[in-house]
Structures are given as C-alpha cells and as structure tokens.
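In the two complexes that follow, subunit A is the common piece, with subunit B as its partner first and subunit C second.
Right, the complex of A and B next:
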C-alpha cells in the first residue's frame, strides 16, 4: 500500500505588526479540504472569517461554548462574517476545517474549534451561502489582530485506499 | 508537495499495563504537535479523566466543555485534568476512549496553549464528549508529554493492554 501526503503547508504568516485583516489569496483548488490554524497572541478585539472578499450578509454560524462554569450556544444568521472567537481577550487557538472548498456547486460548510484557557473552550459550524470555489480566506477584526499571531493554512490530500 | 505531518513515536501498552504513557526528548524541529490517544484504564468505572503533564509539570489550567448525552456543562481546573475521555473496566468490552491533543507553537518562548477533543465510549446511556482549552504557562519548549488516567474516585489507575498513543509533528 502506498502512502501519499496528508497535510501540506500552503502558506504560513506571522504578523510583524497588528493588522485588521490577514488574507490567504490564490489558494490552489487541488486539495480536498483546507485546515487553518491560528495561534493568537493577546487579543484586544474579536476576529472572524470571510471568503473570496465577500462582505455581503451571506454567512451564518452556530456555536457552543463552555467558560469553565456554564455552557451556552449561540446562533448568528445573515451575518457578514463567520465568528471565530468567544471574547475579545485571551490568546485563543482556532482550528478551522473547510470541507470540499473547491467545488463550484454547493454552499461551503466550515467546522471550527476555538480554545482559550482564560475564557472558554468551544466549537462552531459555519456556512457561506455561495457556490463559488474558495480561492481566498480573510481573517478580519473590527479592531486589530495582534502582532506575533501565527496563521498557517494547510491543504489536505486524499489518501490512497 | 512534501508530507507535512510526521509520526514521531507510537506507544502501545503491553499486557502488564502502564500507569502512564510518556514521550520524552521530543525534538523541537516542528511547528506544532498532535497527540492521539486511544485509552482504557483498569478502574471499575465507565470512564477515567485524562491527566496531562508537560515537562513533568501538572500546572496546566483547563477550561472544559462537556456533553454527557443528556446535558452540557462546563468546568475548570489548574491541574491538567483534560476530561473524562479514557475508558474504564465497566465500559463495554474492547471499547476505548479517544482523544486528540493539539499543541501549536510548542517550542516557542511564550506560554503554550493546548486544544483537546475527546470522547469516552460505552454501550450505555451516558458517555462524555469534551472540548478543552489548556494553558501551560512556561517559556520552555515542550520536550516531554505524559498522560495518566485517574478514576472517578480521584485515584490514578493503569492503562490496560492495547491502549495506544501516537505523537505527530506538524510542519
């Protein structure tokens, strides 16, 4: 049985200064799924996600959070972004999986995990109501994403049977 | 493109059992680590808590979101307790809990964040699925990872035969 690559690094960014938007552009359509790992330094504002530069109200998400003493769930629809963070503080990890991102037939679904031991552990499912292949991903903040934050985008290859 | 996910080591528990599973002398040449655990312990419970030690320290703060199949709850601790995600001797035979622990930037000089997904399993009405966020406040690179099972009476137990843990490095 032969083996093929699984995670392949598409692009890695480490922010040298605080910025409101980080974009991965010209994403190749050759993988099955995408994985984006964000390791933020201390936040002063939330960060969120959008695709292909679409700023329309075409996003929705449902999240489940535990803050160490209680559990809660939230729903956002007809939003301009998919939310990723629980609060605007702490130093979260986000693990984001985008399934079948390059098909041009279906809306795109996203599964995320967010962990920040100061605030909460949680997960999220998001939807982008657009059939276009995803060729760019932007992480956007109403404030800034802090300096030192690392973002790594991987492509997932289909394995051999 | 080159393979970016590398297996560093796998530990499989033998017939004598093991009080812990440890990875030592972890190389620092990767960007992230991923540890996948398939575990069952010998305490007479359906599940055991997975306790994490990093570089020999249990000073790890954790916030946990837990679903039992009928209710959701959230807890916190500062001793590396990651959740009830290791099986026990009263769980359905041949059934092991599963967990994935993710350590981004594990060799950096800043504090280390940890993300954990896990589930205990048995053919019963209550199992636990957990999502946990951890923080190891240390500027030292993570060079040693140890996991231990502790039962519902807070007694450390042994992993049973065929429990496994595999450590991956991600570039």
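Right, the complex of A and C next:
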C-alpha cells in the first residue's frame, strides 16, 4: 500500500478583474482525478465548463437543486458546455470532481456540489462525450466571473493496484 | 483538515499562489482498475486504522442489462440485516427521495452506468466513510454520485448506516441488482483522510 500524500495543488488563480473565461491549460496527466474549487465573490456568479477547447455540442448535464422551500431537477443535452449553475442567483462555491481525467478510453464524467448559503444548494453530473485525456479546463460565463474569484485546481493520485 | 506543510515560491506575478498550502492530509490506500474480464466484487481488506476518515472514489460501468446500476456496500463482510440508507436524486425532470431500513447492504446510489448506456459512458461517485475506525459509533457514509447520458441519467445525494460499532477493516462493493460484473476501465480507489 502506498503512503504517499496526495491532494496536490496544480494551479491557483485569483481574478484581478472580471472576465468571461478562465482557463487551466497544460494539465499534467500524472494524477488519477482532478478537483476544481471555485469561490466566487458575489452570489450572482454563473459559470459553465469546457474541456480541451472543444466548443462543439458534446456536453450534457443533469442537476438537482433545493432552495429552502422546493426541489427541482434540470437537464441539458447536446450543449456546448457543462452547466455548473442553474439558479438565477448563481453558485458562489463549487467543488467539481473530475475522475480518471487522463485516460483515453472513457467519456469524461464530472460531479459538482454547489453551495450558496443565501439562496440554494445543489449538485450536478456532467458528461463530455470525448475519450481524449483532459489537458485543459475552461470556466466560461455567459456574463463575467467577478473580480476576486479564486479557482484552485488540485490533483489526486490513486494508490497501488 | 490539518495543514502540515507550507511552501512559498516568491515569484512575482506567478500564476501559482505566492504562499500555497499543500494539504498533505489525504493518502492513497489502494485502487482497483478493472481489467478486460470484468469482476463482480471489489474488496478492500486489511484497511489500516490510522486515519480519521476514508474516501472511496468510484468510476463505474457494470454489465447489468440496463442503462444504470446501483452499487452496494458492505462492511467487514457482514451480511446481516444491519444496514439502512436514504437518497435524494434528480433525473432531469423531477426530484425524488427514498430509503430503506433493515437491509443487508447499503445502496450507495442507483446512478452508476450500466451496459445499455451509450458507449464509453461511466458513472462516478464520491463516498465518505466517517470515523470508520471508531469502536463506539455506528458507521455512517455519505455519497454524491451520478451519471449523465446526454438526454437521460440522474444525480443524487445518499446516506447509509451500518449498525455496528466495530472498526471498519474491510469494504466490499457489488452490483446492487445481482451478479453483474463491473466492466473494464471501472476504477475503485480508497483513500485515508488524516484528522
């Protein structure tokens, strides 16, 4: 059994100004899973995700939300992004799990937990229909991602088989 | 989470944090990457008791003749009716909830992929097993899992209980719906979390 510590910071970005796109490029293929944590500075931050610069209609997602009084579930198919936020109020904190991101045999599935202490909480599963290893991740907003938002990408290495 | 190491690179304008906290609190214990023949059972045994929590990270597609499959979890090979579970899930149209008591295993989620899902589609899940080595508490797990199939699929939050105070030394995973193999490229990775 391996005892090597994992959960390593690959890259951290703090936005100096509002921007529509944040990209993590040249992601090494040396980990097993990736975790991206986004902490936005406003409640109204809405953003989505793309891989490897693919702007085709190769993405889909399914989500579950609760706002304190009711729950809802949504779906998007043949989309150009994986939707990460569904409420109009956005999601200031997101923890995005990307498993087996570097294999070249499976489509890539991601799980996200979104937390907003004021308006809603939810989770989301997204699919990128491509078997390529993920080498870049773009967070794209229909508006802008607010200044001061932090995005941290971590790598997790599995143990020995 | 305890931070045990701080590093600084001191490079002005670098894209990395000027001071980064490397959270060396998570350690890999073991992993199973399923090979060409598939396998019906995943077992992690001789789990050390030196961590505070465990995390199981799953990428799975099974041979069940359906688009989705559930995964069941047992502790320490206990096949008695000592488990219960609850879930909250959304299928893209409506949310749903359910649960069951006095079960012989914990249902981690209904929403891993199976054999009639589109090619190359797998479901994924994160399973946290809290205070797994404590001998005074029943063991509780929480799960986030799902699979999207471009027009179908579901995502959900689940919880499970093993009504036994024994320290967890073995975890066993099988298809919830019978003897369905986990298919090639499925991966099950166990990690220890330092307290």
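Everything that follows uses one rule, which is that the second predicted complex is superposed on the first by the 149 of 161 C-alpha atoms of A that agree within 3 Å, B and C clash if a C-alpha of one lies under 4 Å from a C-alpha of the other, contacts with A are read in each partner's own complex, and residues count from 1 in each chain.
What we mean here is this: a contact is a pair of C-beta atoms (placed from the backbone, for glycine too) under 8 Å apart; a residue touches a chain by one contact, two chains touch by 3 or more.
Predicted, not measured: the structure shown is a model, and the values here were computed from it.
Subunit B and subunit C, once both complexes are superposed via subunit A, clash.
In the superposition on chain A, contact of A:126 is made with subunit C only, not with subunit B. Once the two complexes are laid over each other on the shared chain, residue contacts for A:113 go to subunit B and to subunit C alike. Set side by side, subunit B and subunit C differ in how many residues of subunit A they touch, and the one touching more is C. In the superposed pair of complexes, A:68 makes contact with subunit B only, with no contact to subunit C. In the superposition on chain A, A:100 makes contact with subunit C only, while subunit B stays out of contact range.
By the touch criterion defined above, A:8 reaches both subunit B and subunit C.
In the three-chain superposition model, subunit A touches both subunit B and subunit C at residues 5-9, 12, 64-66, 71, 113, 123. Here subunit C touches subunit A in the complex through residues 15-17, 20-33, 48, 57-59, 88-95, 111, 118, 120-126, 144-151, 153-157, 185, 187, 189-191, going by the rule given at the top.
On subunit B, the positions that touch subunit A within their shared complex are 1-5, 31-32, 61-66, 72-76, 102, 104-105, 110-111, 113-117, 131-135, 170-171.
The part of subunit A that touches subunit B in the complex is made up of residues 5-9, 12, 37, 39, 41, 64-71, 91-93, 95, 113-123, 148, 150, 152, 154-155. Across the complex, subunit C is touched by residues 1-9, 11-13, 32-33, 60-66, 71-75, 77-78, 97, 99-100, 103, 105-107, 109-111, 113, 123-127, 129, 131, 156-161 of subunit A.
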